[in-house]
Amino acid sequence: MPVGRRQRVATVGVAAVATALGLAACSSSSSSTAASSSSSAASSASSSSSAKLSGTLNGSGSTFQTTFQETAISSFKSVQPNMTVNYGSGGSGKGRTDLSSGVVNYAGSDSTIPAAEEANFKGKTVLYFPVIIGPITLSYNLSGLSKPLQLSAPVIAGIFQGKITNWNNSAIAADNPGVTLPSTPITIVVRSDSSGTTQNFSLFLMTATPSTWTLGSSSTIKWPSTARAGNGNGGVASAIKSTPGAIGYVDYSDAKASGLTFASIKNKDGNYVAPSSASASAAADGVTISPTLTFHAVWGTGAQAYPITYQSWVLVYETQPNANDAAMLKAYIGYLLGPMQQMSGSLGYAPLPSSLDQMATAQLSKIAS
Amino acid sequence: MAAVAGQPQQLDLREPKGWRRTSNRIVTWLMVLAFVLVVIPLGFVLVTTVVKGASIISWQFLTSSIPPNVAPADIGGMGPAIVGTIEITALATIMAVPLGILGAIYLNEYGGKNWLAALIGFFSDVMTGVPSIIMGLFIFTIWVLHFGFSGFAGALALACLMLPIVIRSTYEMLRLVPNALREGSYALGATKARVTMTVVLPAALGGIVSGAMLAVARAVGETAPLLFTILIVTTVNKNPFSGANTSLPSQIFVNANSPFVGAQARGWGAALTLIVIAFVLMVVARFITARFSRFSR
Amino acid sequence: MSTVTRADPATPAGSAHAALRERRPLGDRSFQILALACGLLVLVILVLIAVSTSQQASSWFSAEGFKVFTNNWNPAANQFGALAFIYGTAITAVIALIMAVPVSIGIALLLTEVVPYRWSRPIVYVIDLLAVVPSVVWGLWGIIVFAPWIQHIYTSIASGVTGIPVLDSLFGAPTSGASFFTAGIILAFMITPIVTSLSREVIATVPQIDREGAYALGATRWEMIRGAVWPHSQGGVVGAVLLGLGRAMGETIAVALVIGSSATITSHLFAPGYNMAAVIANQFGEATGEFRAALMGIGVLLFAFTIIINIIARWVVERSARRKRGA
């Protein structure tokens, strides 16, 4: 064969192979199904409208909500098969940014819009829909302890400000009578991204021990220079898991799923309470809820309340650009407030108190186009 | 080497002794050590990826949708990411390769020695060293801010990355085509454009194709330009021109930060898929160069 | 690019553009214009990058002025001094070069001087394989496998050097698997292919006659390298090293995953740190207003640094190639 023809055959061959691969991938992935059969419980319940909607909803934000959102998205497929919902985690800060720049339809945020970010929303009303409650754990990587660790707020403040640097410090020992602590140096792990978990964790420290905590409460904190940072709750959990002597703050759902050990924290009543779905519900019972459905669950009262319980909202604009978006949001958020609440416990969250759930469901009607 | 005046020189043909020999040996072994130092981490990465990825790869893995991160390893797969990678990289190639070839044609056929061609050539080389994240920021500024996230925006960023690579490799191939071919064509009365398209390009085609494939191999593995342009999601998006998208390297990046065993396992599976794709492209490119390029240095 | 060009019979040397003015078929002329436009695209894109990103970053530069070069990064308080990131980029690049340059030159010399041609093909394949591993796979392996393993080594070294003056401040506690040094090691793996292949090209252009002359005088291989190869190729190798430096400064994803994300200036190489490319990758998605302008500005600085280093590198390589040809 003359050389020119050989070259042409080669080019055509390569192109054909590439096209074939592409077609194969496209056609087979269009018929793929989500294989998470464990969520069949939620999919069987039918909620509000049975009207078939179609379209795409995009959301982003809180990594605390990630497991909740991802599970809801795959089981929502059986309720509304023609709707596609996407949730990209990136931290509460990113969610609020994406919502204000119009990139997503809804945001997941563990904190309310701070004053500094209000201007980004250009005066449009944002509705808050609480969807989950859960504990922030102090997860640690320390072997050879006879009992799980116990910590109080001033000690935590000392650790995270770099003042307490070794595990066998007397302040930690005071919280843990009878336990021999190793002399390992402490590595603190924090969030590198703008995070609602950070904001609630620092709010807890600011409220519980204002005299010892000097770094304020915000989505990003100027941590001591020795702190190691991770991206998202998942990144912090990974870092703790792979670093002996590390301690960091991770939401309960991610900590449990990663197999981390966490400490019991001294609450307002003076009891050391371990994080769990029940202790988070106990903390949520006593909160004061504002008319806009915002509240703070940290440092609540209650003998069995877990002191670092926090919450997360879905934020949407009250006025949607078109009727289909409004209907899709109502359907999806209604699903989160309805059947998904029964699944919260198994995912590592606490379901909303029923009064709060009812108020939130009633607020759904405000979404209009 | 003793030399006595007036007598023919005695050449000392003995082997070097003592320190000279030892230092020579040491240096040779140092060079071998350098190579071994490189093979070890490469071996580790490849072996780890193959071992951890092979256990999860299956047809189901390559075609299923991306499950929640907490899902265990045997559920779901990376289908949308593979589709996204193919879409975005194909778009980028369609944009970058023709433009790159035309640019190289200008440099070699028309530019000659003039200052503009020298400038373009020099800065084309410089552009290959621009960090890929800057391309992402650039496309974010001029495209995403006005038209939103899409697979196409990601393709634009990748095309900016591929363009100088294609120009450089095509230029080298065009240079190798002997002038006699062109002269023969001119003698028959062809215009310059015709000569370039019908004589020069086909003669250099093997090398051009392989250079383009190497550029594609580079683009397939890039994450940074896509970070701000496609808004990484987990669902499949057949339309690269609107709506967020995903790609294999983007998913690996997301999963690398996850503590869940299932997500990490899927990350390794995606990494193995990515390495295989890039490796196949590289091997085919070398094969095409070896068998199909007419002219070589 | 090499300046060797061919005389073009259709257009006398230097008058490519004059040819446009002659009466030529429309198709021919428009093809030339099209090709010219595609060539200009490179320059246009570079200029657009510089202009558009600087424009986005202007609010940061105007708000901070020269304070951008202070070590004061606190987004919550609207303070955006970026020195910590510039330090991080410099340190990780230096660590990467210290490790990669001897290894790369060693391999290049191995390929050109020691190994017979038949055996050089597998070695070249290995180097190509090193180059083809994507950045994100290095990062995945780095954070999941490498960082936890090397943390034990760091801790042992740190406990070994406590008390020794200089070593303690470099290699002492705090130690973390994800740190400046880990990022430097991974960068070294990634820049080795480019420095090796470019050094090899440069060394291969040393005239064979010089090598033979040295051997004829009874030199050992090492003496021949020192006396005949090195003087010819040192300029080109310097250029190759500079290109490796540029690549090390700009490499993003692998570094973002293994550097530890802590914006701090410290001499402790085993401590978590941050770097210009990594902070942009990690924080850009959620940044608004002045924070975003600050990250864009860091991008502008990174672009400027890498462009300057690449220009110097290419100029050095070209100059040494030209000198060699003239010699």
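Remarks
Order of writing sets the labels: A, B and C. Residues in every chain begin at 1.
One rule holds for everything that comes next: a contact is a pair of C-beta atoms (placed from the backbone, for glycine too) under 8 Å apart; a residue touches a chain by one contact, two chains touch by 3 or more.
Quick caveat: nothing in here was measured; it's all calculated off a predicted structure.
The chain with its CA mean position farthest from that of chain B is A.
In terms of C-beta pairs in contact, A-B outnumbers the other of A-B and A-C.
With centres taken as mean Cα positions, chain C sits 16 Å from chain B. Work out the mean CA point of chain A and of chain C, and you get 37 Å between them.
Looking at chain A, one finds that residues 98, 230-231, 238 touch two or more other chains.
For chain C, residues that reach two or more other chains under the stated contact definition are 143-144, 285.
Among the residues of chain B, those in touch with two or more other chains are 257. Contact residues of chain B toward chain C in the complex are 1, 12, 16, 20-21, 23-24, 27-28, 30-35, 37-39, 41-42, 44-46, 48-49, 99-100, 102-103, 105-114, 116-127, 129-135, 137-138, 141-142, 160, 163-164, 167-168, 171, 175, 179, 182-183, 186, 191-197, 217, 220-224, 227-228, 249, 252-253, 255-257, 264, 267-268, 271, 274-275, 278-279, 282, 286.
Chain B meets chain A in the complex at residues 62-65, 67-71, 75-77, 79-80, 82-83, 86, 90, 148-149, 202, 205-206, 209, 213, 231-236, 238, 243-244, 257-260, 263, 284, 288, 291-292, 294. Note for the complex: chain C touches chain B at residues 1, 3-11, 13-14, 16-17, 19, 24-25, 27-28, 31-32, 34-43, 45-46, 48-49, 52-53, 55-56, 102-107, 109-110, 114, 123, 126-130, 132-141, 143-145, 189, 192, 218, 220-223, 225, 243, 246-247, 249-253, 257, 277, 280-281, 284-285, 296, 299, 302-303, 306-307, 309-311, 313-314, 318. Chain contact summary for the complex, chain A toward chain B: residues 3-4, 6-8, 10-11, 14, 18, 21-22, 25-26, 28-30, 32-36, 56, 58, 60, 66-67, 70-71, 73-74, 84-88, 98, 103, 230-232, 234-235, 237-238, 241, 254, 257-258, 260, 347.
Those residues of chain A that touch chain C in the shared complex are 90-91, 93-95, 97-98, 100-101, 117, 120, 185, 187, 192-194, 216, 218-223, 225-231, 238-239, 242-244.
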